[in-house]
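Shared between the two complexes below is chain A, which has chain B as its partner in the first and chain C in the second.
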Partner chain A sequence: MTGCGKEKKVSESTTFKLTLPEFLIVEVFDGIARLDCYLDQVEIAVHPRSGVPLRLFRDTLSKVLFPSLEEPLRLVRQSTISAVPLSDSEFQALVNQVDSTFIGVAGVHRFLKYLRVPEPPPEIFTLLREIQDAFPAAGISKHETDVLLSETFNYGEIDLHTAIEWQLQQARILKEVPGEETIVIILPYTQVNNPLMWTIISHEIGHFAEKFHGLGKKVLGKILGCPCEAVTEGTELDWVEELISDAVGTRLFGPAYLFSFVSFTILQSSLGRPSVSHPSELSRVRLAFEELKRTCLTDAVPIAKSVTTKIVDLFEEKFRFNEKYLGDKHLGPSAIHNASIAEVMNLITQELENLKMSKLSTESLKRSETLAHALANGQPVSALRNERTNLQPRIDALRESLDRPATDKQEVAKAFFEIRNCMVEDPSTCTEIINAGYIHRYQQVLPQILDGLAGSSLAEYGGYHKKSIAQVDRLLKVSLQATEIHKLFL
Partner chain B sequence: MLASERSILTDIEIISRLVDRSIVITPLIAAEQIGSTSVDLRLGPEFNILRRAYYGHLDFSRDREQIEQDVRRYSERIQVKALEPFIIHPGEFALGATLEFIAVPTDLTAYLEGRSTWGRLGLQVHSTASFVDPGFQGNLVFELQNVGKVPIELYAGLRVAQISFNRSSGSVQTYGAGRNQHYKGQLGPEGSKFYLDKDFERINERLKERNRTKS
Partner chain C sequence: MSIKEQLKETLGHMTDKNQELAIFANNAVFGISRYKSGVIDSRTKELMQQGDELCTLLRRGVEVSREHPEPYSLAKSDLSSLLAIEFLSEFLNENKETVPFSLDRLVEKVGEEQNVLEKLLQPEFPDEEIKRRVDECQGFFASLGSIFVRLAHDGLRQREKSERIHYV
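Up next, the complex of A and B:
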């Protein structure tokens, strides 16, 4: 229990039940199918050029990447049929093969730069504006931000103004470039049409917010017990800045941010090892989870809570595997400065509160839960009507009164217009739409992959799954489009 | 069937169906969209225009997959931003779609009509496709044409059409359950899928046979 009041039970049918081996397979399978989806986008956008390179990429997917999952899938099927968990060595073999396929996907991704590049979809800018507007006091909501694609299988941000100025200073031809910060967000090619992974844009915008306000130094100063002026540049500061940006993502998107982070990192072989610039993935997932628990955000939304807990459990299980067989150790920030994750999160939250940064509410997450049902029915989720339990009796009473000759017409009209006004829907926010998308993904899309693979080959089912991906992406993008138009009328 | 059973749904009946979710119209932005026997529909932000410079005509004797690709290449999807105009010039034709996703229950039939407000400027929102089958789900497609003399600026969100509902309980075939279901669940202005019609397949086969005989 988290101390957030009485917890609701979640029914068996609504929980996400995949085991770690199954989860790893479906994640990497989904990644290959998404690469295939990107090739479709290229074909539509740049046809008839790029035909020969496209064929090479498609053949690589169907003849190498998809079949590379055959052995891991065989192991999982065997384990399911015999109802015996995988042995340590089988599990190790499975993880090694899935890791290799993931590295293969990232490797092929690097060469996508040799294909013509389609435009980023306009809906990405709708989301970007919502994220920027979440920082009313940070001065970044007015910045026009661009999104570019990258061959690196990673996300990033750059202030072009500062970068160009620095380069020109190095060349000693200029000291100052006119203009101001020019923010560019960088996404991997294959994620540009995946609204679910756009949550990570909030992390990148978070970097600008913390830089504008020197949040990293303020937080690290408090952790180290020194004034922020005394904090020096270096790894610790870089790590704290990353944690602040993760906190921004979690605050804005709630579980969806954690899900996208896990989806992006769980296939990596070193979850517990920090780099010079980033704390370990394990620390970051724990921090996001800590924040969700601390704010009790998911407690009133059973599906969100059960899926979040399950996904974090799978991540921790993968880390324990890495630790046991790959010698991966958790060397995150807390080992350096002995502050607990909860303490770090409290300090970060105080600073974000000072920025008056908006955050996802439990009500929003409840709406996402309802919207996920609509998604499962193939409907866009741009808006939702407030549920009112007494509407149908009021309508029935009104219809009865219309049949009575002596009815007061003014009273009838008044009652009618009151009912009619209740039909108006409220627009969904981008964060509500994306959280709905994740609930749908874990409840419907990923479990279906394993079922579907039981009846056809990996490459064949890859083609089918690609259609499912395209349909969900389209539903989410159409929802983002409609919500933007809807807001014009508020 | 009694005449009253075939009649058009009134405002209170439409509302009742919206409440029990047998009719879905989302997003429903303003209460005023619900009129006495219809609901106003808005223009969505996507349009499909023809790329006339690329192709001459569609060759119906090609393989179905090739025709499908040709149709896709023949048209171009354009998406306008909020408050960005889509300008339709005199004589021009484009496909648009409702902003709203519509679901029609199996006991109702729906009719799409333009609003006279726009018709008076020369804008036609449909030329043939006004009838919506029981059981249909998706965005409705507008066959936009400017038959006036001056260009018309269109914006996503404008109320350009209206939908009304008629009772049709008792029909056996519903959309998606039997014959045509090419556009079930369509999102945005989907182009024509005539090549999926059974009858077209026969014509396609006959054309191929004829071409083989000739050669």
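Up next, the complex of A and C:
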């Protein structure tokens, strides 16, 4: 539990002022340290059988991945100390190196499948339930879901039933497989304990919802001006399906969805280029940002607004890098672009409104800003106490009215319940907790990494940072667990 | 499918190799950066040396490519060189409008920039002509770095392709 915004005034300034090179370095550094945290978890769960392979992995981290950031870090420090900006080629090499280290992390991640796998924590399923419950009339919440961990450093969704059936049909073994659609969410091993990245689950559930209701064809049919039955499979449909799934994530998690998407994609080299199955990441970030500004990201949430704007600016800067050196063009040859972004988003929003899907409010984001403050103090953020303005005078007034002989009982009851309601702690939603986690990450955790790296070697500070990762993960998971218990009592 | 294409498939689109080449190119930029700021130690030389090795590998790749040999008969180091130049050649053809050099110009540049690096690696101070060309040399390796990272990244995504999984 934490106090309301009035009691602990949240600073409206943001301390998140990292430059693009700094941001990329701390993001990838955090990724390597998280890989190390996963090895710790495997060691605790399955020790001593994985002793030798664990040592191999740890050597790779300490002798290859961490040191690969030494030169980029040296350049950043040199530029800060001398107050001379990096030259074009230094900046280019720095970004190339960080992208390359990310590929190294993904490469090492592939081999984690040769270690024993710990179970996903139960809090993932709490979040999954909240996401599924956001579709009240859609039948999505009734479907059985599971979370599997994968060696692929990416997030995915598979309808296991359809996939198996398709495979057996290809092999001409069976035409139909008994059973029904089963949603399986796929997370990379190293993100299994990171609640901040679990937000991507909403995108994956979005895929399921979009298939379940045929939303992709409905929306694309309207864009192309044809009935949805006439819409064919292909890149355009794939793209619209991705945009719908992003809209589900943005609607449910607000800025937190955009943050997790940026965190995963900004370290990749192709973020400015569309593929046959996905629109460019830049287009997706721009769409999500526009939608957030249209809905919940108002002046009433100055921290969330400034942090989101800063993150989008960094993403845009990384795209300009790709555009300059690799000639990336974020818009591909697609009829989707004949329609305006606003029109596409309107069509998608309309379909989601028809499903009566819940959405994040500005009020929730305000609560997240307050919760982030508590998180920075090392407190769990499972609930928020209501505002207690003038509580004592109100209690005194109630006492006086009770003492009066001719008091209206209904008036007394009303005053009593108002006082009681403001004594109650409202449980936070998973969404509020995770948004608070991101604000804390950008305001505190990432700048701390940069400060910490100034005083120690990369591998040394990696060990220290692991403790910080474990502490924040634990706080967030405890909060998710406690909020679930709290809801049971209300 | 040609034998070269089969080889590329087998090697997982050369993700690891391209990543290694990207690191070599980046290190050359870092080495030159250290050199320019007056840090001329063994680490600086080691970093620049990697740029030199990259040039040798690419030059060998061009040589092997021009001879059109049967790839399976090549020694491992030659195969690496050949495939590196094959990937670069494809990339440069596909991105003619945006990349600042063609394959022919690349071959020429590799020779020129290797010459600059070799001079910088010598104990005596380089002449004015070489000093003048250091920035250009650094820019060249930075460009190579971007291309190799892109190739490595494309390989990574290619490797992740799966028929029925929707990735984010």
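By our rule, the second predicted complex is superposed on the first by the 433 of 490 C-alpha atoms of A that agree within 3 Å, B and C clash if a C-alpha of one lies under 4 Å from a C-alpha of the other, contacts with A are read in each partner's own complex, and residues count from 1 in each chain.
The criterion applied here is as follows: contacts are C-beta pairs under 8 Å (C-beta built on N, C-alpha and C of every residue); 3 or more make two chains touch, one makes a residue touch a chain.
Everything quoted here is computed from the prediction, not taken from an experiment.
In the superposition on chain A, A:Y325 makes contact with chain C only, not with chain B. Once chain A of one complex is fitted onto chain A of the other, the partner contacts of A:E484 are limited to chain B, with no touch recorded for chain C. Applying the stated contact rule after C-alpha superposition, one finds that A:N154 touches chain C and leaves chain B untouched. After overlaying the two complexes on the shared chain, residue contacts for A:M423 are found with chain B alone; chain C is out of touch. Contacts of A:R385 after superposition: chain B is touched, whereas chain C is not reached. By the touch criterion defined above, A:L237 reaches neither chain B nor chain C. In the superposition on chain A, A:L224 makes contact with neither chain B nor chain C. When the two complexes are overlaid on their common chain A, residue A:V117 makes contact with neither chain B nor chain C.
Of the two partner chains placed around the shared chain by superposition, neither chain B nor chain C is touched by A:A376.
If you check the complex, the residues on chain B that touch chain A are 11-12, 15-16, 18-20, 24, 26-31, 34, 42, 44-46, 72-73, 79, 81-83, 99, 101, 103, 137, 139, 156-157, 185, 187-188. Contacts from chain A toward chain B in the complex involve residues 44, 47, 122, 374, 378-380, 382-383, 385, 391-392, 395, 398-399, 402, 416-417, 419-421, 423-425, 427, 471, 474-475, 478, 481-489. Remark: chain C residues 15-16, 19, 22-23, 25-27, 29-30, 33, 37, 47, 95, 97-99, 135, 138-139, 141-143, 145-150, 152-154, 156-157, 160, 162-168 touch chain A in the complex. Residues 68, 71, 74-75, 78, 87-90, 92-93, 96-97, 99-100, 103-104, 106-107, 152, 154-159, 162-163, 166-167, 186, 200, 203-204, 207, 241, 245, 261, 264, 268-270, 275, 325-327 of chain A are the ones that touch chain C when the two sit in their complex.
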